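Next come two complexes built around chain A: one with chain B, the other with chain C.
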Partner chain A sequence: MSELALPAAPRKFRPALTIGSLLLSIVVLTPVLWIFSLSLKTSRETLRPGLLPTDPQPGNYVEAWNRYGLGQLFLNSAMVTVGSVIVTVMVSMSAAYAFTKIPFKGSEALFSLLLLGVVIPPSALVVPLLIEMRYLGLYDNRAGLALVYVAFGLPISTLVFRGFFATIPGELVEAARLDGCTELQILWRIIAPMAKGAIATVVILMFLANWNEFILALVLLRNAGGFTLTLGINAQLGQYTSDYHLIAAASMIAALPVFLVYLVLQRQFERGVAEGALKS
Partner chain B sequence: MGSITLKGVGKVYAGNTVAVNNVDLEVKDGEFVVFVGPSGCGKSTLLRMIAGLETITSGEITIDGQVMNDVSPRDRDIAMVFQSYALYPQMTVRENIAFALELRKFSRDEIKRRVDEAARILDLSELMDRKPRQLSGGQRQRVAMGRAIVRNPAAFLLDEPLSNLDAKLRVQLRAELGRLHARLGVTTIHVTHDQVEAMTLGSRVAVFSRGTLQQYDTPHALYHAPANIFVAGFIGSPAMNFLEASVVGGGASLTLALGPTRLTVVPRSGGKELSVGDRVIVGVRPEHLDWQPAGGSGLPARVELVEHLEPESFIAVTPADRSVVIRTADDFIRGAAIDPAEEIRLEERMLAVRVPASRVPPPKTEISLVIDAARVQLFDSATGAAI
Partner chain C sequence: MTAAPLAAAGTPMVRRFRRRASPGAVGLALAAPTLCIFAGLVAIPVASVVVTSFTSWTGFDISGIGWLGIENYAGLLTDPIFLKAFANTLIFTVATTVLLNAVGLGLALLVNTRAHGTAFLKAVLFLPVLLSPVIVGLMWSGLLRGVGGGLNQLLGFLGLIHQPVFWLGDGRFALAAVIIATVWQFAGYDMILYYAGLQNVPDTLLEAAELDGARAWEKFLHVVLPALYHVMSVVALLNVIGGLRIFDIVYVMTRGGPSRSTEVLATYMYEQGFQLNAMGVASALAVVLIVLAIGASALRLRVLRHV
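Entry: the complex of A and B
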């Protein structure tokens, strides 16, 4: 694959684009900076106006970690998210491979059916999902929640992989077949190493969605021992009083893995997005 | 080593599009056979059917006597070189060549031995640690060949492996392919649309048109005894000239009328009987035409174009008498993908004449065209089949 870059904007639009990007960054970053500032404030200072803490309290992070049991919440979120992302990537890659490289009857119809999953919001399916998970004995079960994440993640990830795989020449797959590869070997030994950009894109999208997911976790998990970070932090909001500075610190800690995953996969992700953008 | 036999092989796509029509053909063990024909004639489809990359609708494909219709591509013991070379971009040259052997669980020593041997034969030793994107077109082509020969398969299937190269490199690698086949002796089927490749490489050449095998013979036979107008027109450059004629005198030798000009020819023995009044197509190659100054006994014509080449030049002429009708091979494959806009109109058609560069007539002059009657070929005016 050759290096791809998005086409540069015409020179006359550049100042406007720069100002636009700057404004957008401010809009996006303000709440983050606000939460970060809050996380360093004292309890009394939290309700006072002013962005900067007068006496920064880094100890809030240690206190939030210990008081809210973030270790267990982290572990739960990691298990559910990492598990669901791995399974989503493997299954959607296989599906996309079949849709693009193995002609079969009804392929288009099946793909259209799968795409319906992209347009149906998960929250619309909460009630039937709850009944289904109870019936399957997967209610209040982290593996069950991960499975639901996989199901909701498959349509969009298959769509991303299908778009990328469609650009891989069929002759490469045929050469591998003649060389003696099984279809699975073609997928993992030939296609996957070429699809790093698409894999990074799907990993980041799915990691972000599943790590931060709240509604489904709220409905499908009951026991606090199995709570994910979003549920665990939400549980700290009291009816009358809340330690907003500690909740802010916990939120900052919770956001860290997403940030790290993006940082590690940034280059591949940007390439993946660029490739997708150019091919659509 | 392997022989390949096709019996009544056909391929029909959805919508009843016939890609390959009832092909019977045998490739002997160690033979170098070329499938040639214009774009869309079914030659690549047939090759892919032999490889197992396309299902077959009818007939039987056997390799070394074993029916392969339902055998998966990886179990057919054949290696294929694609037009795009299809090298795995993430692997080095060495890994590309070794990949098939690794999959087949060869020992590490055996893989190394075979890969090094292939690299030596193809002069790739210096490039073994490079990725395909760091190679030139010619080098990639050689790696693709290396990937094929390392497996020591029953047959090589080469799908237009030279068509992505520039003209000079194509000539060089064409010769290399020939040498490689002479050295390895592996049964090879080479698909091309380039008749020069077909004629220089193939011990036998199969000419296809519209999914049908038109003729399968040696290059010499294709040129000198084409089975029909399509083959006669496709093989040879410039193409054979075709003129409408009628039989005006019979007997052991026939007298043909080309407008006002008479031509006496001896028909091929065993061919179709012709009688006075029959219409035929006279095929004459550019090198079997010559010219004299106007007023000679030949066909009066006018020089329209001169292509100066050395040591021979080509002249394009139009008969002075407009009752002499020039035909083309395309006239006999109506219904094929001929763009009417590209079709040469009857009054604009010209005859090609090959002459020594030292005696080219000046353009726009009247000449007398001399046809070497002993070398003409006759074709049925209705079917285009050789008579």
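Entry: the complex of A and C
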């Protein structure tokens, strides 16, 4: 709507803006392209000058996949991410519904307390979390890690859902109650289908955060068999510097699924990320 | 996974509440899973990290724990590595926040012209946001490697250097390198937020300014910028919180080295807690991190009240 928001660029500047944008795009893409080029080089070539691989080695990808057990790492990341995202959505949606439509004694105070969680750095809690997870028998356990991700995702998710539920008229909920619906039926059958946008926002935020998370996984997982992708790739760093081409290939493989999802859902991603941040 | 059976089991329970209990109890029951998980895995750890920060503890046996009072904190104040990590964290936080906001706003203004090519730039800028900092750290390590690194090749080609520079192995450059990698990763994030903010600048105000004959920069300074204050405060706070807790990218690129030149609070805490088993000191460092993060958001609320 507001192309005016920028001091409207005169027509004669437009070509310059286009050229500037394309140059900037190349600059931004450079690290990604560099790693991509590296991932196709031979081990020796990674140490020699040269922009492009002289003899591209697509086989590096297969070798990286097998050598680093990327299949298992993928599976672990997927389980932890999908599990934590589903639980976060369900649990935070119920809470947000309670906070907006069935306020109870102390609900305002509890919500404020929950909101403090948005600024608590997960990295600051690794020591007590490690002890607690050991005590609960959830140390070195993918479900345990997923549960911790849920805990850190709840404040922002509840906040996003609460913002959306506040726009749903109270009469709608009242009418459903008079029809004899239980609160859970109202939430799952009436409100949830209306909240697709908010659900998409929370899913995207949590998917990105949990798929890419590092320090909690580093502290709470020990056995390489349960490692997530980021952890597995980190474990290869500094092992053999001559394998840089394989680590590069593994990085490209790890980045690919997120890039693909983004290509398909670009608009939702951008909106989800913006809403997740600006609603606070 | 854990809460799914809880939610299913909730149905009969909630029905019973409908007959006997007040609506308030139903509300509490629906909020309970969130509150319990949050209390158990965030609130209790915060409380216990505060407690353990006053103790000596090696992390193994609870009975071996000893009350130290403020000794851990006092020790930090005279610990040159802590002071270095604290200073580095502040430098990192301020530098990334300032750069990200300037670059993010600039890019948002560029993308908002909607000239050809800006849509592509917008998509490209967002790609690094999607990546794990571990992978970002890896990419930049590859680019900045002394031998075979992309930057050295470029500078050598241009004739600017004749010896390879070990960017990440040199205390003069390492922190700057980590800052640049972080700005590269999150510039698109700030851009998206500012871009969203720009869509809400009231057209009527801009038109009025235009009728008054305002110049482009006057419109920007007096109409666009004030309309962005809220967005700016959110973006700055997110950048500050992100900066204070920085760990991943430092850990992957430099592990805090060379000779502590990129040591930050979170990496030092990790070293104290998990390599030296000094859980008391690590907890004190964690408390410093938490206090800084809460302080930053309190500061933002105060500043917002005055604009």
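A few remarks follow.
Basically, the second predicted complex is superposed on the first by the 219 of 280 C-alpha atoms of A that agree within 3 Å, B and C clash if a C-alpha of one lies under 4 Å from a C-alpha of the other, contacts with A are read in each partner's own complex, and residues count from 1 in each chain.
Keep this in mind: contacts are C-beta pairs under 8 Å (C-beta built on N, C-alpha and C of every residue); 3 or more make two chains touch, one makes a residue touch a chain.
For clarity, every value in this text was computed on a predicted model and none was experimentally measured.
A simple residue count on chain A separates chain B from chain C, and the partner touching more is C. Applying the stated contact rule after C-alpha superposition, one finds that A:193 touches chain B and leaves chain C untouched. Within the superposed three-chain model, A:171 lies in touch with chain B and out of touch with chain C [touch as defined at top].
When the shared chain is aligned, no partner comes close enough to touch A:52: not chain B, not chain C. Once chain A of one complex is fitted onto chain A of the other, the partner contacts of A:109 are absent, as it touches neither chain B nor chain C. By the touch criterion stated above, A:208 is placed in contact with chain C alone, chain B being left untouched.
Applying the stated contact rule after C-alpha superposition, one finds that A:179 touches chain B and leaves chain C untouched. By the touch criterion stated above, A:98 is placed in contact with chain C alone, chain B being left untouched. Shared interface residues of chain A, touching chain B in one complex and chain C in the other, are 1-2.
Only residues 1-4, 7, 10-11, 14-15, 18, 23-31, 33-35, 37-38, 40-46, 48-49, 52, 59, 107, 109-118, 120-136, 138-140, 142-143, 145, 147-148, 150, 153, 156, 184, 187-189, 192-193, 195-199, 201, 203, 206-207, 210, 215-217, 219-220, 224, 231, 234-235, 238, 241, 244-245, 247-248, 251-252, 266, 269-270, 273-274, 279, 282-283, 286-287, 289-290, 293-294, 296-297 of chain C touch chain A when the two sit together in their complex.
Across the complex, chain A meets chain C through its residues 1-7, 9, 13-14, 17-22, 24-25, 28-32, 34-35, 38, 46-51, 83, 86-87, 90-92, 94-95, 97-99, 102-105, 107, 110, 113-114, 116-129, 131-132, 143, 146-148, 150-152, 154-155, 158, 182-184, 187, 208, 211-215, 219, 229-230, 233-234, 237, 244, 247-248, 251, 254-255, 258-259, 262, 266, 269-270, 273-274, 277-278, 280. Taken in their complex, chain B has these residues touching chain A: 51, 53, 72-74, 78-80, 82-84, 86, 88-90, 99-100, 103-104, 133, 147.
In the complex of the two chains, the chain A residues touching chain B come out as 1-2, 169, 171-172, 174-181, 185, 190, 193-194.
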